[in-house]
Structures are given as structure tokens and as C-alpha cells.
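Please read through the structure below; I'll follow up with questions.
Chain nomenclature is as follows: A, B, C and D, assigned in order of appearance, with residue numbering initiated at 1 for each chain independently.
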Amino acid sequence: MRDGIILETQGITKRFRGLVAVDRFDIAIRERTIHSLIGPNGAGKTTVFNVITGIYQPEEGKVLFQGRVLNGLKPHEILALGIARTFQNPRLFRNMTCLENAMAGGHAHGRAGFWSSVLGLPHQRREERAIREGAEEWLRRLNLWHFRHELARNIPYGCQKLLELARALAAQPKVLLLDEPTCGLNESEKETMMAFIGDLPKQGFTVLLVEHNMNVVMGLSDLITVMNYGKKIAEGTPAEIYNDPVVIEAYLGRGEERAVAGG
Amino acid sequence: MLLQVDNVSVAYGAVEALKRVSLAVSGAEIVAVLGANGAGKTTLLKAISGLVPVKSGAIRYNGRELHKLPAHLIARLGVVHIPEGRRVFATLTVEENLNLGGYGCPKEEVQRAKDRVFQLFPVLRERRRQLAGTLSGGEQQMLAIGRGLMRSPKLMLLDEPSLGLAPLLVDQVFATIEQINKEGVPILIVEQNARKALSIANQAHILEVGRIVLSGPARELAADARVREAYLGGAAYERRLRAKESREA
Amino acid sequence: MLTFVQQLLNGLTIGSFYAFVALGYSLVYAILKLINFAHGDLFGLGAYLGYTVFVYAAGVIGSRFGLWGLLPAGFVAAALGTAGAGLLIERVAYRPIYPIGRLPAVVSALGMAIFLSNFIMAVWGPRYLAYQEAFIPTGFWQIGGFRIRVLQVLILVSSLVLLFVLYYVVEKTTFGAAVRAVALDRETAALMGIDFLKVIRFAFSVGPALGAIAGVFVGMYYRQINFTMGWVYGLKAFTATILGGIGNIPGAMVGGILLGILEALAAGYISAAWKDVFVFAALMLMLVFRPTGLLGEKVAEKV
Amino acid sequence: MRWLKRWDWLSGRPLLFGAILGFLLSFPFWGSRYWVDVGFYVGLYALLGLGLNVILGEVGLFNLGHAAFWAIGAYTTAILNVRFGVPTLALLPISALVAAGCAWLVSSPIIHLRGDYLCIVTIALGEIVRLVLINNPGGFTGGPNGIVGIARPSLLGHPIRTSTDFYFLVWAVVALCALALRQVQRSRIGRAWNYIREDEIAAEAMGVDVRALKLLAFVLGAALAGIAGNIFAAKMRMVSPDSFTFMESCLIFCIVLLGGMGSIPGTILGAALVVLFPEVFRPVAQYRLLFFGLALAATMYFRPGGLWPRRRALAAFAKEGER
């Protein structure tokens, strides 16, 4: 690990039927920071997520996590190493309770096998309790406690996004990949979510954030990487990115939005 | 009155998604409905176009009672609903998508409409033989709008045309919408991007948890302090940006 | 070489039966994502309806217009009757249930399959019925070392024509595009002014009608029918559907023909008793290497 | 007795469960032999249903070939007993292991297939097994006539012979399996199965080894079917391919869905319905399957979630009580 870089990709390339979705893409994320990945739709941001988390295998390049190569590992192995994620549209276990959803985070850290579960051996019971307490802790901290016995599909959309975050955090990850965490939230929910995410580095988490809402990106990020057509086109602090002519051309535009912000 | 939504309620099971909502679209104007996710905006459009059943109340369009018609007949009346998230038919070609937009219309009319769409969006002409799923997000939105124009719409319902698009593309899409409206098509648009929507709309309504809480001319609403704070988020944004900059400096 | 050509011809014939039935599975699956387990038994019903018409109409039509007047009457009646049954099943057992969920619909379809085969048994009895010579074209041509039966030519030509017509309708016309659009996204299709029920009726009438034609052909080809034939052929045809890629019209045709040829070759060169084991093993192997069938679905799941 | 306290499907509705348990235990002492046999079949199908419930109900894998594993269990017992004289009851675990082993061999290359594709493969598998049994490879399976002359099992010197003996044997096994499966349902393994059923990609992203857990479910379900096969062979004293048709696989499939996916009491109820239905309609024997087909469709219309769906929220509350 150099310069406190915890997660990096080196020249990853991913093609779909000839279409290059990610093209020799590098990103390096420093520990305990919020690093945002922005860019137009179809720029390849979600594909980068899927490559890092092992859902896709890159055709070229490497993914390094704490100096370890992740290529070839399965998603569940990558999670166990300490990278958890959320999805753009919450992918909850809809017909299970919120508590059960959050307990999914603890699954990878459990060891009890089939027979010890059948027999209810002491170490299995201890482990179950630990998993449940871990989940309950995050439900409390995200103000979802009163929903713990509700089925996930029955809680409001904003709470579903929070629950997905609770589930990811319950996995005790070192790095969190958040795919548009504020998309579809109303203004007050957005505030809650932003405050919570902004607090994560202090608790020891590193965050890689994909987000369209500039409000959120500019407010939270320590560093921003901009991508377009699968390539990195710029990288810098929010202030640098905000005034970068290349980024304005490709992504931000010169709409009214900027007039308000600039004024 | 072209479209009259009168005390409409819609329920999904036990949950009421719309509660006695009333609004109207008269001439060739743009009416915007704003609100957060889950406020019932999409449900409102789906109720008008017949995708969800109306529990009580009435929807009238040129004297016809829309709430009693199935969706495909409403579409054939010229009420064109462009759904959220683009929803192009991914494994059909661009041209097949457009042809379906004019499904049931005479052949010459479809051809004429197609030429007009290609004029408006030249990129679609280039890609007419391509599968729609291979288009970029922005191109898909153009295809979705173009597909809606195929039936020479008499009323256009637009659901979150800016959703998931980069800011630059959002500007283009809104410019297109304004242009379509200038050609005489009344538009009912539902948006989360309140600032953008208010900038092009004549009338606006604000929907909160299934109820209309505020209505009026778009310009008045844009100036309303409550609206600015709750939906435009301008003040909060500026505050944070300034704080961030001062911290960095 | 001679046996090879003979087996190939047999395979093509059997394959066209499978293709006919597979289309019904595929059409319904494409639109409702439902495996219509009752489809095999609709095919069986077609064979029985054809039989009945032949028996009763032989005196009226057969005596006046001969075999070639009788045949169209039997086919049309069987196709219409079976299409009616298909529509009825859709209306009664599927339409109220498929909005609820996929699994309940699967159980309902299994229920309808059980119902239909037992219905056939209750009406026509459990014993084999013989398709009589009076309504089967029995002629053949002797070319070189082997013979071509008129019936085989009839089967191959009519399947070629019908399959091409269906292919053209689904892939090349605007109505076909509407069918495919409904398969992709029912709501948006409704917004285009496409009548969902019309598309459903198309699938549940054309599929069973084609199945009925195959049923009558099977009766003529093997000269006997039984109430269990529905599921035997249904299973093979369903295998063919998967082989070609479910929900894919050309795929169902290719899968059916391929399965027929595979089966005939396995019967000819390996062993008749083991041919089905061979066919199903081939299916499993194919799925291991090409999980979405030969022609596959075009879309992958988006993450 | 801690485990007694944790028995919360009793604590939910103690009266109902007490009544059912009392009925099941006392039934052979006052029911006729015929109905005791029917009771045996309810237990047998409950066992088959519980096995498939793991695969279909918990993990959501479409398996329409479950009868294949049942057949493998039954034939393992028949062949090893008749040819090699292994005691029938000793073959119970062996049948389970053989069925599980076959399931592992067959399912590992295909377990990644999506819903309907997996469904057709399991149908094909069921057919392959049946056809192989008919074709009598190496003279081992006895062809279409099957194998006769399986010895009665005996437990600690006490021969299991009467209908009542078999009734208690099968229901004892059902009870043990139901308890064991309930334990698994409430563990990280059971939850992980449900995660896979709800959203496979999210499950994998949350650290669930999807492949391994799917295989575990398949193997476990097949093992239960193997046990059912052993008991079936012992009861019938003969096996033949006719017993293991596609129709049987369909019935087991319907048992799980009639009862409610992932619901253990539901599965047992489903088995009771599927076995009892033809018995009740015996007066109209010719039409009973016809009515059965209609009843299946009707049940799905009125109770799409099954007759006795699993109640998640309550289960979680009950867990809290035990703290």
C-alpha cells in the first residue's frame, strides 16, 4: 500500500459485445476519504463498480485492494475481504424483514456450518447472536429500528435506501461503494443521507461514491474523478473539477444550474 | 378545457397513492407537476393514461371519460405518455420502436411522422437499424420522445425526462420539450428537477404524499420561498458550497 | 448413406412436429414468461378432435370430395377447436392468476395439464385410438433405393409454409413488432396503443392451432393416438424450445428440427430404447455450455 | 429444556398444533387400516415435500424432477437389499447418501442455470432416470417390472411390518426432519438460502457463496427424497419405474406451492391435501384427477401465497422472546 491508497484499479478494460464500457481506467482511493466518480450516463461508472466487486471480470488490468490483486475472485470473496456496496435501485431481499436484511451483512463473517446449525451448537448460537447484534446496531444508528420486523418491501423508498446502506455497513467493510445513494430521495431524506455519508470517514470507512446530484458530490467529496466513454477525463478537488473546462463541456453543461451556483 | 383531472384518487391495495387530486391543462401550455419521489407524480400520469385504475373521481379529455377506457384506447386518442426511465424496446431496432409509436395509424402518416422525428433527432436516422438497447442514455431519451411524436400527439404526458441524464443532456431534452410545445402540443410534465421544470412551465402544481398542496403560475411558484427551500434547494446548496470553499481556502 | 438419408428424413418429419408444438410454448413464454404446461395436452386434444372429425365427416365430405377434401376439413376443425380451447384456458385459468405471480401461474398451468389429459381420457377413453387408412394419404414415391411417403412430403411442405408465415408475421410486420414489444414491456406497449389482450389472444390461438395441426399429423404418421401423447410430445417440444432459446420464434423452429434429427440419428445409430436418454443428455450438455439456448436471448440481466 | 422453549411454531398456536399432534399420534389406534395407509402416504409425501421445499421453497430453484432422487433412493435400497442382503433399515442413511451424491454430481454443472432452464434440466433428469431404470442396464434395475422381494426392515429386533408400524416410522422421520429444517431456517444458512431466492446478485454481493449454498440445498433435498425412497421401498417391498413418473414430480412441486413456499407446516398440509384429494373423490374415480387439476388452479387463484405461508415477521418476534 502506497500513500495510504487502499483500493485502486490499474488500466481496467471491460467490453460488452465489442462495445468498450470501461477503457484502461485508473482510479486510486485513499483511505478514509470520500472519493466520487462522476460522469454522463453510460460513461461506465456502474461497470467500474461491477468490476471492483467481482460481478464482471475485466479483460485487461488489475484491481488492487490493500496491495492484493482482486482479479478472479468471486463477489462473495471480495466482500469478505472488506469491500461492500449498495445498488442504484435498492436490491433488498423484499420478502424478508428489515432485520433479516441487515443480518445479511454478517453472513460472510459467520463460520457455522450445516450440522452445527441443525444441532444448535453453542458456538453457532453465539455467532447468530453476534450477527444479529451487529445488524441491530446499524438499524438503530440509521433510525430504522422501528421497522426491524417489517418486510423490506413495505417500508418507504427512502428507508429502503438507508436499509441497503445498513446492510452494507453490517458487513464491516473497509471500503464502501455507494451507487447513487441519494437518487430518488426527497430533500430532507437527502440531507439525512448526506450527513450520514459525510460522517463515515471519521468512523474509519473509505467511500467510493457514484452520484449525479452535484449538490451531493460537491458537498461531500475529498476527490472527484470524472469519466466519459469509459475513460478518465479529469480528476481533482471539487473546486478544480467545478471549473474544469473539459468537465463543463462533457458533463456539467452551461445551464441555469451553474448560474445559480456561480452567483 | 382539454384535460380535466377531477378529484381523482388512486390506491394500490390499502395504500392511497393519490388523494382527490384535481388539475387541468387548457391550451397549448406546459403544466408541471413537482414533488419528491413517492409523492404520486408517476401514479398521476399512469392514471391519466389508463395504466392504473382510478378509484374515485373523473378524468375528462375533450369530453371523453378517460378513466373508463383501457390504456391502448387512450393512447389512440392522441394522449401520449412518455414513461419514466425511457423504457425503449431494447431488442427492437430504432425504426421498429418508432413504427410502434404510430401503431394503428395509416402507413403514409407513419412515414411522414418518422421523417419529422428524424429531422428533430438526426442521430436516430443514423442509428435506425441499430437495436434500441445499444443506444446511450441520452439517445434513448430522444428515441422515447421521438416515439411519442409518431402519433401526432394532442396531449403529451412526460414522466421525469431528466432522470439519470447528465446535466448537459438535461438542457438538450428540455429545449426539445419547449420546441414541441411551441408547435402547439400541450404538455403535462412531471419532474423532480423543479428548477428546470419551472423554467419552462406556464402552470405548476406541487404534489406531496398524494395531495396537491400548492398550485399557481410557474413564475410565482419559482419565487415562493417555501418552494425554493423545499424543492429548489438553492439556499442549502449555496451555503454548503461556500462552507466547503472557505474550508479549503 | 442410405440409412443416413432415411433417418435424416424421419428426423426432419419428427422435428417439424416438435417445431410446431415448440412454437406454442415459445409464443406464450415470450409474452407472459409462463411455461404453459397445458400446451402439450392441447396438442393431444387437436389429435383427438381431428380424429373425431375424420370419423364423422368421412361419410359426408369424404364420400363426395375424397381424401383431399376430407383432409382440410379435419385440419381446420382441429385447429379451430383447439384454438378455442386454448383461448378458454387462458381466460379461465391464466388471466385471473398471472398478475399475481409466476409460480402460482406455473401451478395453475400444471393443473390445467392434468385437467386436459384427464378430460381427453374421460371423453375418448383410455385406450389407443387408430387413425384409419381411409383418412391418411398412403401413397409414396420410389426414388432409387428409398421411398418417400406422400404424407412425409405433405408434413414437411406444410410445416415449412406455416412456420415461414409465422416467422414473417412475428419478425417482419408491425403487428409482429407489437407482439415482441408486449413481450419486452407490457405497460409501455399499452402506451403505444397496442392491445395486450389482442396479443394474448394471438398467442393462445395460433400456438394451439399449430399444435393441433401437428397432433393430426402425428396421428396420421403413427396411425394411433393416446391421451398421454400430449405430455410425451409436450416434453420433447419443450426441450426443443429450450434448445433453441425460449421466447425466440426462429429458435423454437431450429430447436424442434434439430431435436428431431438428433433423435432419429440416435435411434438409428445408437439404440431406439436409449434415444430419449441421449436426447435429454444432449440437452443438459448444451445448457452447460450455452445456458440460454442455441439462438439465446438477446438481453443479459442488467446489474 | 431450552429447545422446547424455542419451539415457537408451537408457541404461536399451541392449541392448533397440540390438536394436530394428538390426532397424528392417536390416529392409528382408532382409524381403519386403509386410512392408516393413507396416513402413511401423507407422511411419505410430506417427506418428499420437505425435501423439495428446501430446493424450491427456500432457494427458489425450479425442480420438476424431484421424483428422480426418490427413485434413486428406492432403487438403492432395493438393489442393495435384494442382491447383497444389506438390512433395509441400515440402507436408510445409505439411500440418502447415494441420492445426495447423485444430486451433487448432476447439479454441480447446471446449478448456475436460471429459473426455467434449470426447470427443464430437472425434468430431463427425471426422465433420464426413469428411462434408465426401464432400460435395465446390466440387468441391475429389473426393467419395467422393477425389483421385488425387498425385506422388511427391523428396528432393534422389532420388525416393522404393519401399516401402523410404517405410519409411525414415516411420521417419526418427518418430525425429525421438520425439526432439523426449522433449525436451519433460523440460521445464517437458512437466511442465505432466502437471500438467494429474493435476489441472487444482491446475495452474492453481500458475501453469500451462492453456488455452494444452492448445491447444499439440492443435495439436502435429494437426501430427504432418498430417505423417502428407502421407506417407500420397504413399505411396498417392491420398486418399479412406474412409481417415479413426471406426474409424481409435479405433485411434489404442487405440494410445496399449495402449502406455501418455505413453510414447513404448509408443506405437510400440502402433502395431506394432495394425498387426501383423490381419496375423498374416490366415488368419482374416473374424474378425480380432472377435478384435482381444477382445484390446483382454483387454489392458486384464491391463495396465491399458499394455504399456510411462512410468517416472517412473527418468527422474528418469537426469536426476540428467547433472549
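For the reader, a short list of remarks on this structure follows.
The criterion applied here is as follows: a contact is a pair of C-beta atoms (placed from the backbone, for glycine too) under 8 Å apart; a residue touches a chain by one contact, two chains touch by 3 or more.
No experiment lies behind these values; they were computed from the predicted model shown.
Of all the chains, the one whose CA centre sits at the greatest distance from that of chain A is C. The chain pair C-D and the chain pair B-C differ in C-beta contact count, and the higher one is C-D. Taking each chain's centre as the average of its CA atoms, chain C and chain D sit 33 Å apart. Note: centroid distance chain B to chain C, computed from Cα atoms, is 44 Å.
Mean C-alpha positions place chain A and chain D at a centre distance of 41 Å.
Inter-chain spacing, taken between the CA centroids of chain A and chain C, is 49 Å.
For chain A, the set of residues that touch two or more other chains comprises 55, 87. Multi-chain contact residues, meaning those touching two or more other chains, occur in chain C at positions 303. Counting partners per residue, chain D has 201 as the residues that reach two or more other chains.
Interface of chain B with chain A (complex): residues 36-39, 134, 136-138, 164-171, 195-196, 199, 230-231, 233-234, 236-238, 240-241, 244-245, 248.
On the chain B side of its complex with chain C, the touching residues are 49-51, 70-73, 75-76, 80-83, 87, 89-92, 96, 99-101, 103-104, 131, 133, 147, 151. Listing the residues of chain A that touch chain B in their complex gives 19, 39-42, 156-158, 183-187, 189, 191, 212, 214-215, 218-219, 237-239, 250-257, 260-261. Taken in their complex, chain D has these residues touching chain A: 3, 6, 180, 183-184, 186-192, 194-195, 198-199, 201-210, 216, 220, 312-313, 316-317. The touching residues of chain A, when paired with chain D in their complex, are 53, 55, 74-76, 79-80, 84-85, 87, 91-97, 99-100, 103-110, 112-114, 117-120, 124, 127-128, 131, 148-151, 167-168, 171.
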